[in-house]
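Here chain A shows up in two complexes: once beside chain B, once beside chain C.
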Partner chain A sequence: MKHRSPAVRLFAALIAFTFLAAGLPGNARAFVKDVANFTLENGMQVVVIPDHRAPVVTHMVWYRVGAADEPLGQAGIAHFLEHLMFKGTPSNPNGSFSKYVASVGGQENAFTSSDYTAYFQRVAKEHLADMMRLEADRMENLVLTKEVVDPERDVIMEERRSRTDNNPGAQLSEALEATLWFEHPYGRPVIGWMNEMEKLTLDDAISYYDRYYTPNNAILIVAGDVDAAEVKRLAEETYGKLKRRAEPPPRVRPEEPVHRTHRMVRLESPLVTQPSLTRSYVVPSYTTADREGLTGEAEALDLFAELLFGGSTSALYQKLVVEDKLAVSIGGYYRGTMLDDGELVLFASPAPGTTLEQLEAAIDREMAAFLKSEITEETLARVKRSVIATSVYAQDSQQTLARVFGTALTTGRTVDNVLTWTDRVRAVTADEILAVGLKYLDINQAATGYLLPASAPSRS
Partner chain B sequence: MKHRSPAVRLFAALIAFTFLAAGLPGNARAFVKDVANFTLENGMQVVVIPDHRAPVVTHMVWYRVGAADEPLGQAGIAHFLEHLMFKGTPSNPNGSFSKYVASVGGQENAFTSSDYTAYFQRVAKEHLADMMRLEADRMENLVLTKEVVDPERDVIMEERRSRTDNNPGAQLSEALEATLWFEHPYGRPVIGWMNEMEKLTLDDAISYYDRYYTPNNAILIVAGDVDAAEVKRLAEETYGKLKRRAEPPPRVRPEEPVHRTHRMVRLESPLVTQPSLTRSYVVPSYTTADREGLTGEAEALDLFAELLFGGSTSALYQKLVVEDKLAVSIGGYYRGTMLDDGELVLFASPAPGTTLEQLEAAIDREMAAFLKSEITEETLARVKRSVIATSVYAQDSQQTLARVFGTALTTGRTVDNVLTWTDRVRAVTADEILAVGLKYLDINQAATGYLLPASAPSRS
Partner chain C sequence: MPVRSLSFQALALSLLAFVCILIPRTASAVEIQRFTTPGGINVWLVEENTVPLITMNFAWRGGATQDPGGKAGVASFLTVMMDEGAGDMDSRAFQEREEALAMRMSFNAGRDTLYGEFRTLVETRDESFEMLRLAINEARFDEAAFARMREQILTGLRDSENDPQTILGRAWGEAVFSNHPYGRPVDGTVDTVSEITIGDLRDYRARIFARDNLVIGVVGAIDQKTLAGLVDEVFGGLPLNAQLTKIPDAIIPDKPFLRTAELDVPQTVIQFGRPGLLRDDADFIPAYVLNYILGGGSFSSRLYEEVREKRGLAYSVYSYLYPLDHAGLFVGGLATRAERAQEAIDIVRSEITRMAKDGPTEEELASAKAYLKGSYALRFDTGDKIADQLVQIQLENLGYDYFDKRNAMIEAVTMEDLKRAAKRLLDGGDVFVIAVGRPTIKTDG
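Entry: the complex of A and B
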């Protein structure tokens, strides 16, 4: 359905740059200073982020379940449920929730990632109570029948056809992840594998809904022109009436074996005009760094990514695009907001006359040189300003602000962890940044993808 | 333990060449003409292969369970159970079964693959009844305690350390399979991933034993100086007394998604002296070809593999080793005796001065040329003779003979299917051989591994 965004792993990456920071100057600080955080009696967590710039609210419900929690053989069920949640309940049938949002000039959306599934509406503040009533209703009373499930299965399959199966870049990306992760379900696409999607049944949908869509597995986030007391009262009247329908199992996913090889994936297609390469390294996420006592490594990885390939001032861009003219583009990011391990991702397109093999060799050479270089105080200060500023600007969007908390709370972190992020980034030293680079830029923890026009000459 | 072979996927490949054939001339025919096949009341299948050349018997029990049937997160449990089966029962404690076999000058062994687990002894015929009594005893009465399980876990972990973790070729092979298969458990090593092996518990072992070690999941194969009536009587007195302890679940494994990329795995190690490459294509097995109505394709693949890279007379060997001198070795095989899909595997080592990239490009070129070539009647007759002769010679080993039936019956085929194999191979045409080549030599259904000395120059 057009009004809903697809299941996107990439989203998690964007969020890495949009951590909300406390203790910031000016407006940014003004609207995050009173973040409230409490839990209803049935276990539903609530976060309230006052933002009085306009009389609107962003209302989100996040579930601590995503594609990496799916039963084996049911890849795609998390995203399928996201679609089915728009179908209706006995009190609000036939998409009447969506119609109501549209009728009051609101916006709505939903998204599924490996680690979470979320639903949101942005409406004038007077409609908040209705949003909460309707969202609570579909958490408990969703009607799942063959008549609802069968046609929607066709919809998600068509979504996969148009977004992945007809898109060489998406195909490569999917294969790259599957190759990077041998056992962990991060290797499975959020949208699902077609051969499993086509077999998803009504019973699968019901079991999944009954197991995970329960208030004790959900987080309510309200950002906007509200105060915590008001949200608490409304939440107790709506979500607070829901019973705990299940106790979701611990989120323990299969772990990766030790990796000892560099993996590569190659896709040639007539649909490709510009060759490109992508490389992902498995690295700790914010959550696994904490879990494993690797204090500060995630913050250092955020800065490392920014320094190495995070934009046009980055080391790789300056050397390979500006100076040597071997590449027409280079970029990358740290995907750190995951429940399990994260990824350091870089991508590049070669300049005409340069092969992907040559570009990859140049990237490896320059990364090695970077790890031997010195990060000056000036560079360190600049990159910290840049990373922190990105997160400050992101707060201008009420929706982004709410997403930052939702992502953190569904991937093993806390409100406090979000609020102290800036301070932790400020404390990172140049040595710590180079240390995580040396530790994690290990080719045997990486997979590299080549996207090539079908007519490209074969390798040397 | 030294007297038992390791868990080997490769074994299945060998079997592809050792199908037993009916209607063969001379001695070969003599001892396969009276193969008997019946089922005990508790569901245990029995195959008797009379072979009166010497007063010895090969006694095997095969279970329809292997590493591809393991619960998620317990990679290695199938092989672990294989080890634990040697520990003892109340009636025959402390390895007394093995001691007995040794005391009568017998041999014993056990092996685990993705699709089966088997135990065998070769003894003088008068000890057959005792073998059956002892093997039946451990099918039902194995003692599994913490005292037994904990030290044996150290043994399998040490086995993995010495066979895989210290062996770059084994590491590459493991990563290649994991990269070839995104979802199917054939992508997991039979020995297990170390991080899962170290967590295998007593409870895991008990559940696995109770679920799969039951007569209705087992096949008795006796080859040797016996007749069917005698084996039947002994089997009823031993195995026939066992109760059905469980109904093992259907062997439905996760299926592969559609593949659209060529995957590559690269391992550099100072332990490597001779570079080599390995490439595997996913193709139908004998069983899946039948299941999917692809009649004759598996037989054609057996001949295709032999023609293309099956020995020193093969097309690739003649061209690249003998004529162009780009390679010092080339070989390959069709791994067709699997419950789910099989693999077409080729491997090669470059001559000094040739890179793996150059050799791979040459192999691709020569394979394409082969698919456009014509197979003469003479060549076709030669390759059929060669493939059939291999299976005939294999019958000289009583153990191989028994293995052929055990493998077939645990991977979805029948005794009759084994006995008619020669006729089916004889019926394959040259066009059918080239057709399976054209159909299955699709680079996007393949993974290629490079094994390189650590000091090798990086790619061009």
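Entry: the complex of A and C
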């Protein structure tokens, strides 16, 4: 992400790693019934989400490309290019796009994930046309020089130090992902590995740009005080004039081989003062579940995660934190909004006097017990209600809605998938939830990470 | 829920005072209704029926500064106990009911203020408000829940003990506020939290949860009459007057210093600052504009340009005005690799000095005004944000017409104002600096 604001950064992190991970394709037909969805002649997809409460718009362009599409040896190029996209074009040089956004009181930023890269501005609605003109310009006319590329490379390396190198917990997560995925590029950090980042060049960035930044690989999303006909007219005048610069290849990433081992990662650091553990399982995402004919499994996984470790009413929290007092905290989520497979992630901190090994054994025991238990109708209704309500709350924010649709469309989903999500969650049965649990809580599809103080041996 | 008699309700309605004001930047649709409930509680409401939600933000003046001496962290502890059981529901029963109602309720302790946020679907409105009433009036503080939450807080504190930002924050509190309550960590320390008792939480609640220090902002699908009744149910039983300990004004160091704390991390974390202005200072708005130009603007500030854009020294560099009730501060920060920490500090100091001496350019002032005026509308584009604004404006005593006046106040700022603000805010440019990282920085004293 380009921008420095802690709040915006948090929001993006939440969306990319928590919000959508919790399987939250927002919906409620009452509000989003007017969503328009069409395609320009050059192949650029357009989604319009009307929200007339305030005279502002959120204008976003999403590219169907992310860190998992990077060439080998260039980890971090997707995110580096995202930063470089702010450097200028012949007609709008030297950051004049950003200056213009600021001059009309607009806010802007960009973000990169494994599956997508997106740029946005939030402005008063009368400036929408200018945003579209400027964003269209940088889709095909980016100019980079050594003078702007070199300091920006230092910036992304500082960003990596801030996010990861100063933080042992983040280092463990990075190692856990790299261990979980043998072959699929989801094992690479979006920010990149430092040794590859320092070698990223201007040419790397431009060749990546020329390969993927083309209208037929982009999605325009406009949420706010607009109507679809007006957006269509403006889009045809701006984005519609762009040539198809490239024909990006199908997004087929290397497939995972069969996993036969439970992998363990352990990080001991003098910076760590409180031990904790994390475990991730590879499971289908919304997209791969459909691709493989496993209809309904992703929706069931969403509810499964919520019931098992979603919060303080969950089975693991109630048993291990409240009753047995072996853990101080426990939580987790389902990362289901991915182009390829997703993950079930859980994390826990042991109570004083409990080792990570003891806690891990207790978690395994209680997960097995949960799979043999009965989910009552009352419990299921309660959790469904809570999960579905997230889609109502999401309607308060045009920015959130824009992100929900953008994420869905860049990870192999459709507008209709988003609109029918609540219905599909409602239809999930208790048996289906336990069935996905039994099927996917396979320890050989998982990696477990221990975070430990350097001096304290964890074995008692 | 107690039922009010019909005759009382009829009388009560006539007492509602109606004052409406528009938020002009966000179109005529946004209209603030100010009224007083029959129970005497002031409420600001924006009725908005598009989405079937109601958001109520509220705040009590008196946050972490009201923690009893030696027990930093009481207010913060209280906030995590609010959904751990109330009335005849224990922790689990209460949280399962919250989930079944799909309501959202959270509390948060600031230095001067204790904040609450409550959101409900329209369809479960009355049941959700009743849950809020229970939490605020009848939270149980059961021993088991208390012990569990204490362990969670302690774990969080232990977890961040070696985090550079935590070490920086602690050093900052000591150096900048010394013994003033602002110097204590809001969440407390392992030592202070270990000392906190259930009695401390009860006592804090009894002193702070009152009506005369309460402000409320509501946005959503609810009318004034219905809301008045619900607000009285939730808050009407609280004592009229809070018992606030008087907090003295803090004395902020006005001499520059540079302190370092050693930590073996590749990136040095740096915070700098100096005394600032209180929110009610006549020069606050000019100082705010000045800071935007110096380090407040996201892609366009001088610090951003010099530190990040030209030299690639940091991902994040910024400054802001931090007006507390009893102290004004100017604060900034960045993080950069250890080898270049000294250089980054030197650049920040020289940019602040340059601004203090020469002030901004006419062009910078024009751009700042354009941004600050134009972006004001973006603070009002969700129900959550509007509710937050309604509460902040009341807490800062800015007046109900502030929404109307604010952009004109920005527009009225002149170069003269900025020069005066620069002199008052930056005064020659000396800042104090605290850095946490490897020992690569010369301390100057």
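In this text, the second predicted complex is superposed on the first by the 428 of 460 C-alpha atoms of A that agree within 3 Å, B and C clash if a C-alpha of one lies under 4 Å from a C-alpha of the other, contacts with A are read in each partner's own complex, and residues count from 1 in each chain.
Quick note on the criterion: a contact is a pair of C-beta atoms (placed from the backbone, for glycine too) under 8 Å apart; a residue touches a chain by one contact, two chains touch by 3 or more.
Just so it is clear, the structure is predicted and the values come from calculations on it, not from any experiment.
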Side-by-side fit of chain B and chain C on chain A, or clash: fit
Which of chain B and chain C A:S173 touches, first, second, both or neither: neither
Touching partner for A:G73 - first (chain B), second (chain C), both, neither: first
Which of chain B and chain C A:L267 touches, first, second, both or neither: first
Chain B versus chain C as contact partner of A:T278, first or second or both or neither: neither
Partner with the higher number of touched chain A residues, chain C or chain B: C
Centroid geometry (CA): angle chain B/chain A/chain C, rounded to a multiple of 10 degrees: 130
Chain B versus chain C as contact partner of A:N217, first or second or both or neither: neither
Minimum distance between Cα atoms of chain B and chain C in the superposition (Å): 13
Chain B and chain C footprints on chain A, overlapping residues: none
Residues on chain B engaged by chain A in the complex (per definition of touch): 72-73, 171-172, 175, 178-179, 182-183, 187-188, 193-196, 254-267, 357-358, 360-361, 364, 444, 449, 458-460
Residue ranges of chain C touching chain A (in the complex, touch as defined): 26-27, 29-30, 48, 50-53, 55, 91-92, 95-96, 99-102, 104, 119, 121, 144, 148, 151-152, 155, 158-164, 263-267, 269, 297-300, 304, 308-318, 335-337, 367, 370-378, 380-384
Sites on chain A touched by chain C in the complex: 3-6, 30-31, 52-56, 86, 95, 98-99, 101-108, 122-124, 150-159, 161-162, 165-167, 224, 270-274, 276, 311-313, 318, 321-322, 325, 328-329, 349, 351-352, 381-383, 385-386, 388-389, 392-393, 395-399
